[in-house]
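Let me give you the structure first, and then I'll get to my questions.
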Amino acid sequence: MRFWVALAGRDAEVEFRREGDALVLEMEGRTLAADFRRLPDGEVYSLLIDGRSHEVRVSPAGSGLEITIHGATLPVEVRHPLERLLQATPQAAGRGAGETIVAPMPGLVVAVRVRPGEKVAAGQPVAIVEAMKMQNELSARQGGVVSEVLVAEGAPVTVGQPLVRLEGSP
Amino acid sequence: MVRLRRILIANRGEIAVRIIRTLRELDLTSIAVFSEPDRVALHVLMADEAYPIGPGPPGESYLNRDRMIETAVRVKADAIHPGYGFFAENADFARACRDAGIEFIGPRPETIATLGDKLAARAAARDAGVPLVPGSDGPVARLDAARDVARQIGFPLMLKAAAGGGGKGMRLVRDASELETAWTLTRGEARAAFGDDQVYIERAIERPRHVEAQIVGDALDQVACLGERECSVQRRHQKLLEETPSDALDPAGRARLAEAACHVARKVRYLGAGTVEFLLDPAGDFYFLEVNTRLQVEHPVTEMVTGLDLVAEQLRVAEGASLSFGETPPEPRGWSMEARIVAEDPLARFMPSAGRIERLRLPEGPGVRNDEGIYRGYDVPVFYDSLLAKLIVWAEDREAARRRLLRALNEYVLEGVHNNLAFQRWLVSHPEFAAAHLSTRFVEEHFDPDSIEPRGEAIEVAVLAAALHAGEERLRVALPESNGGERSAWKWGDRRRRAGRIAR
Amino acid sequence: MVRLRRILIANRGEIAVRIIRTLRELDLTSIAVFSEPDRVALHVLMADEAYPIGPGPPGESYLNRDRMIETAVRVKADAIHPGYGFFAENADFARACRDAGIEFIGPRPETIATLGDKLAARAAARDAGVPLVPGSDGPVARLDAARDVARQIGFPLMLKAAAGGGGKGMRLVRDASELETAWTLTRGEARAAFGDDQVYIERAIERPRHVEAQIVGDALDQVACLGERECSVQRRHQKLLEETPSDALDPAGRARLAEAACHVARKVRYLGAGTVEFLLDPAGDFYFLEVNTRLQVEHPVTEMVTGLDLVAEQLRVAEGASLSFGETPPEPRGWSMEARIVAEDPLARFMPSAGRIERLRLPEGPGVRNDEGIYRGYDVPVFYDSLLAKLIVWAEDREAARRRLLRALNEYVLEGVHNNLAFQRWLVSHPEFAAAHLSTRFVEEHFDPDSIEPRGEAIEVAVLAAALHAGEERLRVALPESNGGERSAWKWGDRRRRAGRIAR
Amino acid sequence: MRFWVALAGRDAEVEFRREGDALVLEMEGRTLAADFRRLPDGEVYSLLIDGRSHEVRVSPAGSGLEITIHGATLPVEVRHPLERLLQATPQAAGRGAGETIVAPMPGLVVAVRVRPGEKVAAGQPVAIVEAMKMQNELSARQGGVVSEVLVAEGAPVTVGQPLVRLEGSP
């Protein structure tokens, strides 16, 4: 599994995988052995990183997370690494011109939530794409009227593949 | 001799808990009072009995004199212990207790009144032959008189409200050009805050240490000094860390300070526990500052090195008995430090914080004492002092005590309200603190909030923990504006998450 | 002199946490090891580093010698601290450490071996001129020889396995008729438990006190006695409450005991911390019993009155340094008591209990020290010793310490596993305990489980609380067999209730 | 409200009512002023009884409750005070002879769960009677076949009034 974590002005991609009993982390070119256990006492983890022992609290805070470590509380955002790609994807044209919802990652279309002709509000979910065992809800950014649904539920999609097209509301 | 059996504690928080502990050990009945938001505060849970005293704002509960005394009478209290703050240095309250037939655990009302007036206290100290900071003999009536005094003693100087206290009603004047403005402001403040605009003038000691002597006197006019406390580490006149003994005193200086404190105490026939405060200048000379006619927040460091229980001594002398140790106080042993743990955010100009204590694991083990007013799940109310707990350590010498305090601060788990643990860790690790280079300007001169921002390993571990948590909770992840170019964090749909609230 | 920087603690629970605290204060790296069920034990959370050591059963983890040493080598530990129990008195393990180039924090392997053999230890004590309980000079080979010895020293007597220890492998023989059976049983047990069926005979002292001397020695063959500990309150040879000093010794007796302990220590060139155990008979005479070549569970009471940190002393002498206090140990001050808080149910013949710590609020305040191995939410595993925490207090004299201990025991909130808090409260409140009328038969003679059943106000309040709770939760109530004649409690359908589990 | 509490061999009826802000308890002829507050910390209450402060934990334990007070844990049963009456009610005849489910208290029939001719197992709920704001589920003790339903939903009933009759299974 791979995540993109932003915290205190720092940005890092973290990948981890199980190797037998061991959990192996990769970050910034380094490989670390980890062990991770939720304490019976609330939202707290005991984390062993290359043997170093840390007690870390992870709590929800607004739409993100908050990490408490050694008394300090840090807001953190965890994102899909492919979200970086989105930032490179050309922006849809200005308001009123319509938008195209594209797959932000390779995956499987789990659900399409809209039908042609339907009106969609800004922020309204239009489809769910599953990738890396996670379901990602895709929403309209500006909203509009659905002009085309380009994929069926169950279909595999690739990065950037258009899923739904909206015509802009005037 | 009266026998006191039922003691009402007219206070809350850690000091109420502290007093309850001693009452329990003496097999006396502890009676708590509580304001509405304090219904399940720790002192209510721990006391033998507890009675409501009114709504949250102090004036309607802990500072509601009539209600307090009426409650004490109704529940048949023999005595009232005021703790510190609230009614602790209120001569009228002490008198009202006496009138209601209830023992006030503290000095006689007249002593409180005399020493509460800073000019009268200065006069008492002068009569006792104790050095004073050079300044006006009494209140200065007018600006031109103030100019004369200033010319005599020189700048910088301090303007002080005669009725002031606790760091309020005082102002530094660096040179003659500042005098007029400062004069007007200080008088106005004094009138507004204390209803008394008398102001006097003292020379300002630059980079002084704040050193105080613990005194205790009994009804037989026996008086003892139980050593000094170094309280220089302050922020806006609020003490943050105290220790005993003071590194700035040699045995001869220590003896002189103790003698001066006893002189003042004898002069006023001091009864009970109190503190004589001094400023110590870089040359090692000390000057009388004021007398606090109460148990101090920082009294535990004195208890750690002497082995005495100062609350028990207060109770003894309130009953008319002599001090427990006879004529000679126990020889102090080792070194003790106290860190005040307050609900203030050092990263946001020490703004007070309220909210629920989400997690709490106090440090324990050798040489560690906790005096606490909180427990896990407790909601810190907004109405009162930000002091949550005190962490006190003892060790054989200053460096061992410092290391032990740092160990305990690192062990401290306190989550849910902003607090100053990171600040205290910074302080205790600072090379200048380790070298005992202290003055009341220590924080001002050395503290930079950047220095307590987490860094290095902590940041890296936080990043890894966030990613691992994300892996654990991979139930449903939404990219709410994934189709746009803006950054947006994932939202977590977590079936397992319990309700939790973070105080901001 | 070696410099030790990375210390592996081959132990768990409160003693591992205790050692970590000192390592932190000395700025040394603490390395924990943990068995599978101990993954989130407190010592793992608190250590700088932590490594897995195997499955739950001790033989596969904490007593797995090869794995322990291999781990220590792999993680580059300079030294191993064994705590108490496990490898603490295992000469082979100490030798294996030495062979692996790792310092073993404890006496030399030869010392451990000599003193671990009870007969060799007796011989050492005899050579040092220390009084022994009258008995056989060495192992008794056959029953008829045992009869001869018995005739000489008289009944009652004790049969003891030469390889025994920790209260195991010993049997009381009241008169000649019991001798033959006891002889067979003790030998059989000794063979089964220790692989060595050598047995010796001692006179049984009736209603003795168990008093032990803390010794410490350095590599320069300097030896000191740090006072005694009274450990008479036991149950089946397990200590329950310890104190120092012992009320049974006057200054002359105390000096003689200390001298005897130092003689034994010098005889074997003792290195590190250890304990010489004695029996004290009602006449005030003491007899050598055995030497424990480790840090004792009850070492904190000695620390409280001397101000020393015994773990720090162990580390000093392991590095080849001299004892911190030079030639003269600090004068002890005041009185200290320790209550062992164990997960055992005094209402069910002290059956051990496991389960989750549902609630925990440790006692705090003046003169209280907690050495704990638990935290709220921690699951007490079934594999290990039942000791959860130690509650240690200090006060100026025995009565003040006793009252403080009782106060702290009353303040202790520990729920979720059965424990002995009620027993300890009973013990500390008992008039015979208050009068210091102690012997190793104290519990046997005085304890009756009925005496700790709740009564009076507690029962009444419980009834009221149950009714009020019922009122709160009046959502849906079923009378499942309401139509029959049998009693049946209501079932509560509670929407608000969180999952909770009570350990039985 | 009124409860019958059995604990450690002791039996007591407790009644309580609000008088303005105050909670007044009656037990064994005594009147006590009480205040009762759930702590934020779990299933624990702070209880002030005539000013005396107590911390009490109440946890579910099997079909009953467990009270932890001052370190001691006590099993407790809380019952409807009218259940005493039930004990005086004559037992239905032996197994096989059928049984009659009667109202254990005065109240209102909220639900009848069975119809004539229906087979009912032992322990199966047959009716719910509401009294003192609490709903009490009444179950068959032995089971059988419903021969008669004697009340309608919504009907008021008195103590001991027969509700449902069962014929015994052979």
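Chains here go by letter, A, B, C and D, matching the order in which they are written, and residues are numbered from 1 within each.
As a working rule, contacts are C-beta pairs under 8 Å (C-beta built on N, C-alpha and C of every residue); 3 or more make two chains touch, one makes a residue touch a chain.
Everything numeric here is computed off the predicted structure, so don't read it as measured data.
Chemist: Pick the pair with more C-beta contacts: C-D or B-D?
Modeler: C-D
Chemist: Going by C-alpha centroids, which chain is farthest from chain B? Tell me that one.
Modeler: Taking each chain's C-alpha mean as its centre, the farthest from chain B is D.
Chemist: Please tell me the distance, in whole Å, between the geometric centres of chain B and chain C computed from their C-alpha atoms.
Modeler: 39
Chemist: Between chain C and chain D, what is the separation of their C-alpha centroids in Å?
Modeler: Chain centres of chain C and chain D, defined by C-alpha means, are spaced 48 Å apart.
Chemist: Could you state the distance in Å from the CA-based centre of chain A to that of chain D?
Modeler: Averaging C-alpha atoms per chain gives centres 52 Å apart.
Chemist: For chain D, write out the residues touching at least two other chains, lowest number first.
Modeler: 41-42, 52, 55
Chemist: Mind pulling the residue numbers of chain B that touch at least two other chains?
Modeler: 46, 375-376, 410
Chemist: Which stretch or stretches of chain B touch chain C in the complex?
Modeler: 17-18, 21-22, 24-27, 46, 300, 303, 307-309, 333-334, 361-362, 364-372, 375-376, 394-396, 400, 403-404, 406-407, 410-411
Chemist: Name, in rising order, each residue of chain A that touches chain C in their complex.
Modeler: 35, 37, 39-42, 46, 48, 51-53, 55
Chemist: What does chain A use to touch chain B in their complex?
Modeler: 1, 3, 5, 7-8, 10, 12, 14, 16, 23, 25, 27, 32, 34, 36, 38, 41-45, 47, 49, 52, 54-61, 63-74, 76-80, 83, 86-87, 89, 91-92, 99-102, 104, 123, 125, 133-141
Chemist: Using the touch definition from the top, list the residues of chain C that touch chain D in their complex.
Modeler: Counting only chain C, the residues touching chain D are 358-359, 410, 412-415, 419, 421-422, 425, 452-454, 457-472, 474, 476-485, 487-492, 494, 497-498, 500, 502.
Chemist: Quick one: in the complex, what on chain C touches chain A?
Modeler: Residue positions touching the partner: 31-32, 39-40, 44-52, 75, 356, 375-379.
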